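Presented sequentially are two complexes of subunit A, the first with subunit B as partner and the second with subunit C.
Up next, the complex of A and B:
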């Protein structure tokens, strides 16, 4: 692997990590969760026993993502709420498609 | 005395379908829509501009809420043929349900406050929820008991229940009862953020893709049938009964099983002496949201089995008039009985109802319904059902309207200002140390004292995953209830499920309403507009959501949100109501709960009161005359008063229920009294005449001479006018020489919580033996008193 390609991958990984961390902080801040961003893992479920979110929290996240990233999560896009990784994947897919 | 049957003798209606009963009914009966484009405010950032908007010109110098209410009250009084000059106005009650009140004016004051930092204190104070009742009382010179109920979208169905309790007990001769809500940005942005609005005029129980907002007012004149007959009035229908229940399930969504809604309908029929078999037509809640339209038919199946009567949603014609809906639909149900037509569900677009119900599609149907059930459900899992029946129609069993059992107090707890629980309150009284020694800076005034509740401490007893969804009012309420259970023991699962909750607050969830407005106002519209990229629906949706609206904050803007949270925390499934009536809220809530238990419609009810006064509420109060500048109150001493946040919980039970679970009885309920005067918003009469009537009525209801009162729990607060009026009231009632406990000297003025905190002080203090009289007042000229007895 060339150094340039390696650097590119590393840059993208760092950007992704930063975005995941930002999304975690935004969710915690917006929903008033009593946890530190560092203890939320990228693949931890947002609902059920994960972060114990409910349908109102879903709406908060829809509004938050729309305001922050100009990306719309519709009723059919429930996979976006699987985890932080799933949510960021969804945002990046939509950004790439735009 | 056997409780009278209640006659409906006058109707008033103003909605998008027409500005009087005849126009509205003609539109409803023929299935003609009252839904049109909303032109009252900018809707470009909302999911839709469809709304059941009133088209008649409203006066520019009056809040739309008051104007709509006045129109409907005037029509109802006129139609009833009641000549107010020939009746005892002291015995004409005003009972109103509203979710928003004068929200258009409050929004305008919040807009200036958020954008310019400028607060118009007088306008803000004159657009609080209790003012709706004060406005009507003053406009029509009605001087009986007065109360504003605010269970969101069930508010005016609950109001009809409250009115029924007053008439069944014989407290009053007539009640002007109804509901009103104007179209407002708060609800439009809120429901839009929840994704609950239909892009087209709603089609409840057919397409069920969302609701359409509406506005309006519906009012009734109610009186005992004997009184109606004596004056030769035509009786349009009877208010047979009502039932209320809570889901304890979710902040905004109904319990999908429909159990709570079924319980409310069953209780309403039971109260009326009727059974499900008697029902000829149901006016559904039928909002058109997928959640409602899935759960409400389930509730009907639970109650009726396979034989469900015709059931329609007039919200398809009128839109959802929120707090007015219960009364508006009770007016419609009365007309269905009187005129012989079942109102239709329109906008079906030819589709059959997926629920299999007979929704009376598209146009009215001739019929002769004798018994109608009208449903209203609300945020916080509040279910309300009202029964209207043809005059004289009786059922197979006796109605449940008469007081049959004694009511006792089995638990008390409270917090106020720096005193975070009941033990701290006791210390405040033992040490004579006030709990309002925090000083906060108010623009243009300087540092003023206030009693601040430590919100972190108040949240400590609540699971953080629940606490994060709760606003200050809910946390204070939950803290008081938690403290009560810590002091008096937790209920078993079965006891909790049979527990009801009556919540009261002076002025409601002030923080949530302002926070929601801030979010909407601070999201720069120019930036939001820039996101409009084309006419495709995705772009419209994206645009609509860039509004700064917080759905979860909106869920807490309804006054009964705190009751919903407490019900969810403790799994309450019983009776529920919410009052927002300023300083009389506690006493009126205790009265309602006691009446319901006394007639056997509930075993136990937790009465919870809470009041919060964030920065702008303090600024409003401190700008008005009579606010103290130093942290020192002397009731009767012209020191001025000091605002304190607070909450209290009082557990009421039937004596039998208390005995069955071996609970200690702290006091028994002896009597209540309420009164009003037509002095206008924000005012009270200095002569104490109306206040005195409330005190004397309570004494009569308690069957006590004034000399027997061991302790008067005074409402004196250091505010010169209040203290003067109460002194006169006590003198007029023969109570001037009775021993006085003046809790506000140390707790400050908590308004809604004051009466209940007074009871906590009296029942937790060492020296109280015998009958205790609670005295309370509300700005706008309404008064309430209660007598409890520690000799149990």
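Up next, the complex of A and C:
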């Protein structure tokens, strides 16, 4: 693999990591959760045993994502709430499609 | 009265009609009754979108008997209740007017089918109150002007920005989440 390609992958991975961390911090702030972003893993479920979000929290996330990224999550997009990774995937898919 | 919609909303290009509801109309739209019916009139109602309302606060309100015996102030939670009832009016108006593809009887603009279900049964519950700030005491003689602008929805939940003012003074403002529909 060329160095340029490697650097490109590394840049994108770092950007993704930064975005995941930012989304975790925003969720924690918005929902007033008593956890540090560093202990939330990227694939941890947001509902149930994960961050224990409920449906009211989900609407908070929808509003937050719309305000921050101008991306609309609708009733049919429940896969976006699978995990932090799923949410950021969803945001990036919509941004790419825009 | 200014035709502008609530909370600085941009004028919609489709110019939806703004509706007004008198007290008796509101009683057909909401299940609330004395002493918990806390909105006297609604106006500038764009069904399912936004609206304004009036709650005139009289010294005869039952809550003043205890809040407080020597210092009559309207409880903040009841200001929120008045806001939430305006939200219910805006929401029910969407059903009764049959706009925006709202659930309800099918058919073009057909008002008041005789077998239409009681629209007040579609009034749901308060789901959350956030960032609510109370900026002014509300006392007997005040007339609360309520404003609501419905925001994003997800499933049966709807976010709403609300505010209440007395004259030019802000009394309270914040964000609510309401549920649409009742548990049976």
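One rule holds for everything that comes next: the second predicted complex is superposed on the first by the 98 of 98 C-alpha atoms of A that agree within 3 Å, B and C clash if a C-alpha of one lies under 4 Å from a C-alpha of the other, contacts with A are read in each partner's own complex, and residues count from 1 in each chain.
Note that in this section a residue touches a chain if its C-beta (ideal position, glycine included) is under 8 Å from a C-beta of that chain, and two chains touch if they have at least 3 such contacts.
If you're wondering where the values come from, they're calculated on a predicted model, not measured in any experiment.
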Practice problem: Kindly classify A:62 by the partners it touches after superposition: subunit B alone (first), subunit C alone (second), both, or neither? | Solution: both
Quiz item: Residues of subunit A touched: more by subunit B or subunit C?
Solution: B
Practice problem: Please work out whether A:38 is in contact with subunit B alone, subunit C alone, both, or neither, and reply first, second, both or neither. | Solution: neither
Quiz item: Touch check for A:2: first (subunit B), second (subunit C), both, or neither?
Solution: neither
Quiz item: Who does A:70 touch here: subunit B (first), subunit C (second), both, or neither?
Solution: first
Quiz item: For subunit A, what residues appear in both contact lists, the one with subunit B and the one with subunit C?
Solution: 55-56, 59, 62-63, 66, 72, 74-75
Self-check item: subunit A-facing residues of subunit B, complex
Solution: 193-195, 250-253, 464-465, 467-469, 523, 531, 538, 541-542, 545-552, 555
Exercise. Would you tell me which residues of subunit A are touching subunit C in their complex?
Key: 55-56, 58-59, 62-63, 66, 72-75
Exercise. Please give the residue numbers of subunit A that touch subunit B in the complex, ascending.
Key: 30-34, 52, 54-57, 59-60, 62-63, 66-67, 70, 72, 74-75
Self-check item: Contact set on subunit C toward subunit A in their complex
Solution: 127-128, 151-155, 157, 159, 177
